[in-house]
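This is the structure, below, for whatever I ask next.
Labels for the chains are A, B, C and D, by order of writing; each one numbers its residues from 1.
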Amino acid sequence: MTADYQKILDHIAIDVRPSFARGKIADYIPALAAAPRDCFGMAVICVSGDEYVVGEADRRFSVQSISKVFALNMALRAIGAPLWDRLGREPSGNPFNSLVQLEYENGVPRNPFINAGALVVVDRLMDVCADPKVAMLDFVREAAGCDDIGFDQEVAASEAAWGYRNRALANFLKGFGNLRHDVDEVLDIYFHHCALAMSCREISRAFVHLANGGISPRTGAAVTKPEHTKQVNALMLTCGLYDSVGDFACRVGIPGKSGVGGGIAAVIPGILSICVYSPGLDESGNSLAGTRALEIFTTESAISIF
Amino acid sequence: MTADYQKILDHIAIDVRPSFARGKIADYIPALAAAPRDCFGMAVICVSGDEYVVGEADRRFSVQSISKVFALNMALRAIGAPLWDRLGREPSGNPFNSLVQLEYENGVPRNPFINAGALVVVDRLMDVCADPKVAMLDFVREAAGCDDIGFDQEVAASEAAWGYRNRALANFLKGFGNLRHDVDEVLDIYFHHCALAMSCREISRAFVHLANGGISPRTGAAVTKPEHTKQVNALMLTCGLYDSVGDFACRVGIPGKSGVGGGIAAVIPGILSICVYSPGLDESGNSLAGTRALEIFTTESAISIF
Amino acid sequence: MTADYQKILDHIAIDVRPSFARGKIADYIPALAAAPRDCFGMAVICVSGDEYVVGEADRRFSVQSISKVFALNMALRAIGAPLWDRLGREPSGNPFNSLVQLEYENGVPRNPFINAGALVVVDRLMDVCADPKVAMLDFVREAAGCDDIGFDQEVAASEAAWGYRNRALANFLKGFGNLRHDVDEVLDIYFHHCALAMSCREISRAFVHLANGGISPRTGAAVTKPEHTKQVNALMLTCGLYDSVGDFACRVGIPGKSGVGGGIAAVIPGILSICVYSPGLDESGNSLAGTRALEIFTTESAISIF
Amino acid sequence: MTADYQKILDHIAIDVRPSFARGKIADYIPALAAAPRDCFGMAVICVSGDEYVVGEADRRFSVQSISKVFALNMALRAIGAPLWDRLGREPSGNPFNSLVQLEYENGVPRNPFINAGALVVVDRLMDVCADPKVAMLDFVREAAGCDDIGFDQEVAASEAAWGYRNRALANFLKGFGNLRHDVDEVLDIYFHHCALAMSCREISRAFVHLANGGISPRTGAAVTKPEHTKQVNALMLTCGLYDSVGDFACRVGIPGKSGVGGGIAAVIPGILSICVYSPGLDESGNSLAGTRALEIFTTESAISIF
């Protein structure tokens, strides 16, 4: 089996090259627009601890919305079920940064993976963490076994400078009484979480407990409880891919979470975690080559959850 | 393992009783309003062919939207990928009979499990079947190995008499050019499909190929292609439970499809299919005791896809 | 003053010619698509009884939504304030045939001039008229003093054959319980009302009581009560011009009602009624040359209500 | 005629008393919640210069959205037609502080009287005024002939402290590129404009040019051009009364603008301006006794524009 994964990765790295040119680099903030269009990396971490990589698997990039999975992990661990008092867990059927549904549903975000939902998660983390920025670094450094993971301050500053839509969402939530903390502080933490810089290998390591019932294969520690692990995976599958949730489920068939930085992290429960990076995005904001790479991976390895 | 399933089912049948009183019987048509509130049945069919049942597993009831899975099966088999030319495969984030999203998205239904999407599936079946009502009976009789499955004509007539919202949807689709056939003929077929009467055991049998890569364990025949099997399961998980898709994924964690008649059919890929019946519905229109029964089943058997 | 109106009309007829080419003929039904793009007519009827015309003021055309004013007149006269129990009187901010707002507002149409509202008006007329088609003919023949006004049966048949969106609206209303009569009968009446064929002169005559406190200058009879006259004019101003209500109010500044057949009827309270016909429409569905003609008329005559 | 107005006002002041108890004081900010529920005042200013008052016509209150008329006046005077490049002039059919329509229409507010539209007006004023707060004071002091009109700084501070929804709107507009200036500066000016404190007499005086073709009867100066006067009146009639535009047009029948402080200012073109104050609001946010007072006024004086 071991040889197969490496062979599949090597094959994928060649196969996806023609698609690089069709992707569109996120340009809503200057700091992301400079990403190299032809860059590609991929890492697989098995629950056995085996690792397989191809391409620039150790190059760090802006994780963006992939951080929402880490924040949800942290919030479920610290707060548990009461997290859902002010937050839904249904797919939205609307753009990730839409205010429409939030208005119709009185300020309760549909799920933790749209921006409004992630802001509520941050607000809840502020109740239980002295410093949710430090807590996030602690979480991913521990999960990935890598002490120098940090925030890309240029990206964080760029998000803050251009984040009018997110500022609108946060004020809207506050107007509905669904943020308890100061709007600017919530946004500052949120922008830093999005600006986390990690490599495919590091992200895969920080996801592999989700393939292993919540237990880190590396340390043996329980990163999340089993029932929370199931929830996180269920929410990634139903809400993790922007407006392409169903398409991704049909084509790739595993729980995943994308970010506009070009990364997609995914999990095959019981078997492995996987992360792919290629900054060119499709129309839904998901990595174009990344989605194709994951589709090839589940097809050639013949493992999907369906 | 065999003994366990029976034990779990027996336990469930007792455990869910207190919830019967809280359910609400669908009353949008008189023919459904007479369903017995305290009725409960459940059937499990393993890919090995083993069957386990409890309660009124052989009592037939109105399958309603569960028939949308059969129709999708038939359409994928006959038409394949071009089915998606006039039909999406994303969760809707809106009520199953909403016209709002359909208007904003120019008459292309979000997925085949909302009513508008099922009408488009019927319209496509009319291109390839001489008589899609007969074809549906042939499909489920063959899949369930039971020759006397039929339509409840009283329910079909009741749907037709009271189906103003569905008639609105069909005319709306026709106005957008996304129905090719006569509106009344499409609706007649759709209402009959919904009025299919089957038991838990029959529905489970008709679903078990979806747990077995598309192959019927009973006959060895390919009911659906492997890639279509994956799609149907992916769409059930992301779109199969009305407005409780995410909640069902978090709690139950397997692909399923509910009907307002009180049935929920589900699949654990590689292992088994399962169907539960209890007519009392929760606020989302899913069987209240049925959802709880499936949650207990996946928890006690410790099998979910996540 | 008399001389001025004729001079203004003559001037307008020349001035609007260049705009004919920019209009778009309604083509949603074949029977309307054949309208002559360069046709133009206009008629003014003063409360004194004086009449002024230019161009093809006696050519009959399909009045379409202008008939909604007649239907509202008839319903207010027969039913009075209870008409508003199932019908709003606010501008919609949405397309005239939208189902979105109707869904959010539980089947109560925003006003009598959007299609859904007009269907409710017809449904109410069916409570009080033996035959609302005959009643409409009686109303407009009496109001216009012209016994041979009738329905264009080709247009009525074309509306019925292609009216999927209206059929969707009517079934949607019925589903909400806001139509009491048979959907097909309501639609048949509605389609006939829209298919009324009248000339600018006839329409102006049938509107002039609205400029005269409800009294017909020709017969001295009270066509509408004073308070209903005020309401009809207020509703035309706030809801009568599809998505260009505000623009029309700013530019023309008088209550009016347009139809996709190319007519616009308007009222200057206390002074006159006016009707213009030119079948080329602007993007909102209002007669392009007709709107311009009315703008010139109120500017040159220096009479607006503002 | 003179005697009549006074008699009507005196009668109204008695007639509306029973309705005070049914109104709801705006309480979204603490500074408004203290308004006296039983307070009532009314002022009429004729184009002849004659003034009629009743009750607390000289008591100052928070004008709130009535200031949007002054801002629009100022912007039309300074900028003219290009104001409409980034701003519509259609009724919205949605709540005054809704973000829904703004999202669907890409950040172009429907009209200058919803909050988003007023923010765009402020942004445009910042292009042409050194200090739009001072400019507003200059405008209303000159128009009302009263040099000590000012902002209620407590209200302005309260708006700023609690104005999350407006902050959301402003950031949303900025995200769409439809605000050029700094969000906080725009909001500061907007909150001050809303916090303008004026009496019924002062507001009526500041509106009377709108009844007089743009000319101040007091000074003879052109406050607005005739075409802008027509536009402002048309927009008040179609967009000035929150969600009760049509109802107000039917019942009262004249252009008006309400504020949640309890004031309603209105205009009878060619004849007079009128302002009424009573802080109890109806469900739409319009003064309950104020709307009733204006309905009686137009009914008893038999002057409406329809």
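The working rule: contacts are C-beta pairs under 8 Å (C-beta built on N, C-alpha and C of every residue); 3 or more make two chains touch, one makes a residue touch a chain.
Because the structure is a prediction, the values reported are computed rather than measured.
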item	value
Between subunit B and subunit D, the fewest steps along chains that touch one another	2
Centroid-based (C-alpha) most distant chain relative to subunit A	C
Mean-CA-position distance for subunit C and subunit B (Å)	47
Between subunit C and subunit D, centroid-to-centroid distance (C-alpha), Å	32
Inter-chain centre distance, subunit A versus subunit C - centres from mean C-alpha coordinates, in Å	55
Residues within subunit B bordering two or more other chains	none
Arrangement of touching chains [line / ring / star / complete / other]	ring
Residue ranges of subunit A touching subunit B (in the complex, touch as defined)	88-94, 101, 110-111, 229-231, 233-235, 237-239, 243-247, 249-250, 253, 255, 269, 304-306
Complex contact set, residues of subunit B against subunit C	98-100, 103-104, 164-165, 167-172, 174-175, 183
